[in-house]
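Two complexes are shown next, each including chain A; its partner changes from chain B in the first to chain C in the second.
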Partner chain A sequence: MLPFFVGRLTQAMAVMVAVALVAFALFTYVGDPINNMVGEQTTRADRDKLRESLGLNDPVPLQFARFVANAAVGNFGISYRLKRPVDELIAERMPATLELVLISALVSLAIGIPLGVYTAIRRHSLISRFILTASLAGVSLPTFIIGIGLIYLFAVHWGVLPSFGRGEVTSLGWWSTGLLTASGLKALILPVTTVSLFQITLILRLVRAEMLEVLRSDYIRFARARGLTNRAINFGHAFKNTLVPVITIAGLNIASLIAFSIIAETVFQWPGMGFLFIQAIEFVDIPIMAAYLVMAALVFVTINLCVDMLYFVIDPRLADDASTLPVQSR
Partner chain B sequence: MKVWKYSGALALVLAVVFAVPAQAETVLRWSSQGDALTLDPHSQNEGPTVTMSLQMYEPLVGRDSSMKKQPALATSWSLTDPNTWQFKLRQGVAFHDGTPFTAADVVFSFQRAASDSSDFKPNTKGIVSVEAVDDFTVDIVLEMPNPLLPDQITNVFIMSKAWAEANNVVEPQDYKQQEETYAIRNANGTGPFKLELREPDIRTVLVRNDEWWGLSRDPHNIDRIEFRPISNKATRVAALLSGEIDFLLDPPLQDLKRIDGTSGLKTLRVNQMRTIFLGMDQGVAELRTSNVKGKNPFADLRVRRAMYQAIDIEAIREKVMRGLSIPAGFVVPPGVNGHTPARDARLPYDPAAAKALLADAGYPDGFSVRLDCPNNRYNNDERICQAVVGMFGAIGVDVDLDAIRKSLHFPKIENRETDFYLLGWGAPSTLDAQLTFLLLTHSKGEWNPTGYSNPKADALIEALPIELDLDKRNAKMAELWKIVQDDIVYLPLHHQVISWGMSDKLDIPIVPNNMPQFRWARLAS
Partner chain C sequence: MSGAANDPGSAGAGAIRRLLDHDLVYSFLSSPLTVVAAVVTGVIFIATGLAPWLAPHEPFNPATLSLMDAFTVPAWMDGGTSRYILGTDDLGRDMLSTIMHGARISIIVGFSAVMLGMTLGVGLGVLSGYLGGWFEIVVMRLADIQLTIPGILVALLIDGIARGLLPREQHADLMIYVIILAIGLSDWPQFARVTRSATLVEKRLDYVAAARLTGIGPMTIMIRHILPNVMRPVLVLATVGLALAIIAEATLSFLGVGMPPTTPSLGTLIRVGGDFLYSGEWWITLFPALVLVTLVLAVNLLGDWLRDALDPKLR
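For the complex of A and B:
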């Protein structure tokens, strides 16, 4: 177990450095931040001075080396747009994103898995057909349309939910939570619905497909032949075996939501990390973009690791021989 | 006993009833696309940031809602000799933290605004020194005479020297410091509102400054201002429609009708001090992106005139801008000294004449060139470019459009890498056209990548700031205006129009610099 863990950590570092390198190579194409940082009447000489002092005239490899050297000692620089340390900004925005994503994930699992199981077991019932048709809408509608649609219905038309923001938040140490106030909870409803709609349909369809596959396999037939109850077959045998791919996909989806729930955060002016990132791109805020992409790599690597750990729990065969672990599932 | 009991209860009920204040707090909730970049009043010379500063900080000389100069922290000003402006300061004013305001704060603030890391250096240009004569008199000594100095310093905000020193913010933040300074999220001005809460990008809460000296002149009734930026257009409008905000600075053009049609909401419009135009590199020997080799078509006045007359500005106004633009005759907007309606007249739209001019210049079949255009800077910028591309096509000029983000577009102009580009230009803080001419049409102008160079125009531009006789100055301005217009240095398009959306309970004058000041606001309950 330990060598596996250490191996994974080394991999993680390599991934993060590679992401930073690619990011820096791309920054050249995002443009010049200087024009966003000074007024219209600022002289050419002052612009050049600022550009020089930020090191923007240096070759990319040098800029990259400087970033890595500073990051190694925990210094990610200062945001061009907000003029505050980048690590502080990301830490400040993280609770908003994590609350949104984790609650959405819970909602999608809580709704998606039962619906998936149901539609697999009662394949031909009218309700199953209805659920599957409705889920098509969930997969095919883009997030921003769902978000704007919900805003127009619930905020503008009925006036029952806020159209933007996080409501009142409470500070618990460095963590700011919207879960403890009524306005914070109300503010969560529309963004959570928007984010989870796609996830629900995805999990539903995945669970259903896997379940159908498993239900066709020999050991299920054998179990039926033994006269086991439907309940024992469906939940004790079939369902458990559908979980490995579901956890993999759900885990990766959570990672990508944490790192890039940009659209939902933009539509609802949700003060999370994805929103911070999109505004950084708009402004060419290089320190934030660089630190953020590295952090996103970290999130992916960590979640992947957690997913791999979960395999041990679900599939006891793996514990016997760690080397047979699926290195990178899907 | 029983009676006593009940009367006690009655007294309690009465106490509760009367303890409720007679008037509830008047809260103004507003939104805009972007937040102020900092609260430091000398760090960023940019619209939303200056708008925020204007609520909390004050300059010596301010502007009223019709953009005329108005006493602020100075009560009067006069020239004591050609190079010295003397300002009499307002007495009995205190900063929000209670420190009294004196001449030392003015001296300090001008030094701070002129420091290396300040973005307001253009506003302190030409100032040699600022000297305190006594506690309430300040002399501003200039390099050379400048009649526009009071106009030039309308955005130089006054900070408390004691506060800045105590909090180690004697200079605006330098990016090299690698840390946040105190003035980024804290403010201490003399203005009508005090900072209560600052969460960048999320919310900023200001409260009424009851001690403000100007309450009798600007009797606003706002107790509390809550600003929450919303970057997404559709969400912004939804927040206004749903009544979550009372004031929206930048409703999208396509939603104005809807806002007007909603009961309880209204829009206001005024021409903005920003002009959109096209620039052509007429100085380079051969265009970089043209099929014409060995010569530059734009160097020929007839070609520039043909391009001008090919533009159907009314069509752009109606179809692209939904009526929200004012056709322009030059890059100086109305409201700026030098602009007159006559000077804002355009050459007529005449594609036939344009074709004849092209043929005359030796391009009967036209030529090709690339147009560089930003797509996230001005109102409908990319669609304006698409429209003109079609119009140039109609006279045979084949224009290839390259619409990109502003952070990629502006370096092209700055590095002089563009043949043909779209740009917008705002009003200088002096509200005088001289600076626009200097930057945009002088042969060494920092924003003149066109290679236009006319010694006569250069001489006039240089003569304007030192001409103290108003009539002579106006005559020179008129002459200069005619030269650059006749030379067709630029193809002017239009002045932008601002629109604000708001609850009809709110009464606030719209201003052409697009910076609302809530000291003018009244909100009915």
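For the complex of A and C:
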């Protein structure tokens, strides 16, 4: 297990270094940071003084080291557009995004896995066929169109759910939550549905495919020959063995939920990090772009690592022989 | 791409002609859904490809626009006219013509982006599979790193960098190239992975050894011998990739960092139309959305069929 863990950790570090290099290059080469900080009237001499005091004349490796040191403590400077420290802006908006992403992940697992198991066990029933056809449509519908459709139906046509914002939020220290008020929960419904629909179809199809594969195997046939109940075979034997690939993909999907949340946040004017990021791209607000990039990469890398570690918990066979790990096949 | 593969007459390259053997034609004709998807795709491609000649109005010529016609409802509703079958938008532009031009841009961007991603990915994939060594390690590590981050995020980032590097007043004119670059660069790793693993298999086969024995250089072996034999999975990936690229373009434009309203794509039209949803002018956003979904669904169905027909193992 240890060599595997070390290998994965090295790869994670490589990703972070690469992302840090991109973020640093953004600061250094895209636009002139001085121009973005001072007014039009600032004299040449003042600009040079500022440049020197910010260390922008230092050798590039030294600047990069300083950038990494600052980034490690969450210091990404001051937003060009909003003129406020980036870490403050992100801390304000992080709870909104995390609540959206985590609840969507839970919802899509809670719906996708049972549907996948059902469509695999009752392969030929009408309901299964209907679910599968609907899921194909789900893959072809772009996220933002789902969002607009939901807004039109539930907010404009029927007027039962809010179309933008988080509703009323309660602050628990530095964390602001929309989970404790009725309007906050109502505001979550449409964005969560928008983000989850696509994930549900993915998880459903994956669980179904894995389940069908396992149900064909010899040990399931043997279990049937032993006269075990269908229930014991389906859940005790088959379902357990589909969990490794399902957890891998589901874990990686949580990472992609963060990307999808950018779209949902824009459609529903959700005051989260994704909305902030899109505005930063529109106005070329480099500090926010860089900070978002580094934070998103950190989340992806952490999730990937956790998923790898989960393999060992779920499948004890792997701990005996690390060389048989599905490293390359992923 | 899908058009060429469906129509035996237009197949030009030898690689494509070899794909059009008996089985492929048979499986195409025996799946009605695929035929429908191919017809729908064909109609949309022709209607949008010939938009400058077929469209009933000139939506981007201010001289032909009249604000008096703004917000005309579709023809089959009370107050609609047969002059504007799908109604008009806030500037009095004919929706049908606007959509035809918009879908044209969406398809052009989708195609070019897939071409870019495919060329880059296949090139790097064949090279790293055939050459191996440090080149393979570097390319595959890069692909791994990029695959850690979702494609749309990579595209957004490239979009943002390009916006920072280009002068602001040229954004509108250059945006189409920026999006093609952003989407193309965001999906090369998939192509590189598939091509590399196919190349690893091919290079151990006898025909490659025979070619090497006759003294042909590695470049020629890669291009003339290995490349045609690894194109099957690449073609499947490219068809599915076209649908994904069209969605990616629409998403970027919808988020406001893609095509500008002066030269709108379907995504831009949906975004602009979304503002009028609350005041009841639903057709301005519904029709572009319908065209986008139909197009993506049809291309996806074609991709599904192609995958089943070319490689039953991939199911």
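In this text, the second predicted complex is superposed on the first by the 254 of 330 C-alpha atoms of A that agree within 3 Å, B and C clash if a C-alpha of one lies under 4 Å from a C-alpha of the other, contacts with A are read in each partner's own complex, and residues count from 1 in each chain.
Going forward, contacts are C-beta pairs under 8 Å (C-beta built on N, C-alpha and C of every residue); 3 or more make two chains touch, one makes a residue touch a chain.
Not measured: the values here are computed from a predicted model.
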Contacts of A:I148 with chain B and chain C, given as first, second, both or neither: both
First (chain B), second (chain C), both or neither touched by A:L82: first
Touching partner for A:D46 - first (chain B), second (chain C), both, neither: first
Touching partner for A:F67 - first (chain B), second (chain C), both, neither: neither
Overlap of chain C and chain B interfaces on chain A (superposed complexes): 30-31, 148, 151-152, 156, 163, 266, 282, 284
Residue numbers on chain A that touch chain B, as the complex places them: 29-33, 35-44, 46-47, 50, 53-54, 75, 77-78, 80-85, 88, 148, 151-152, 155-156, 159, 162-166, 266-269, 271, 275-276, 279, 282-284
Contact footprint of chain C on chain A as seen in their complex: 11, 14-15, 18-19, 22, 26, 30-31, 136-137, 139-145, 148-149, 151-152, 156, 163, 255-256, 258-259, 262-263, 266, 277-278, 280-282, 284, 286, 289, 293, 296-297, 300-301, 304
Chain B residues touching chain A - in the complex, by the definition given at the top: 37-38, 43-46, 119-122, 173-181, 184, 199-203, 228-232, 234-235, 238-239, 241-244, 376, 405-408, 410-411, 414, 425-426, 428-429, 435, 439, 446
Residues of chain C touching chain A in the complex: 141, 144-145, 148-150, 152-153, 156-157, 159-161, 163-165, 243, 247, 250-251, 254-257, 270, 274, 277-278, 280, 282, 285, 289, 292-293, 296-297, 300
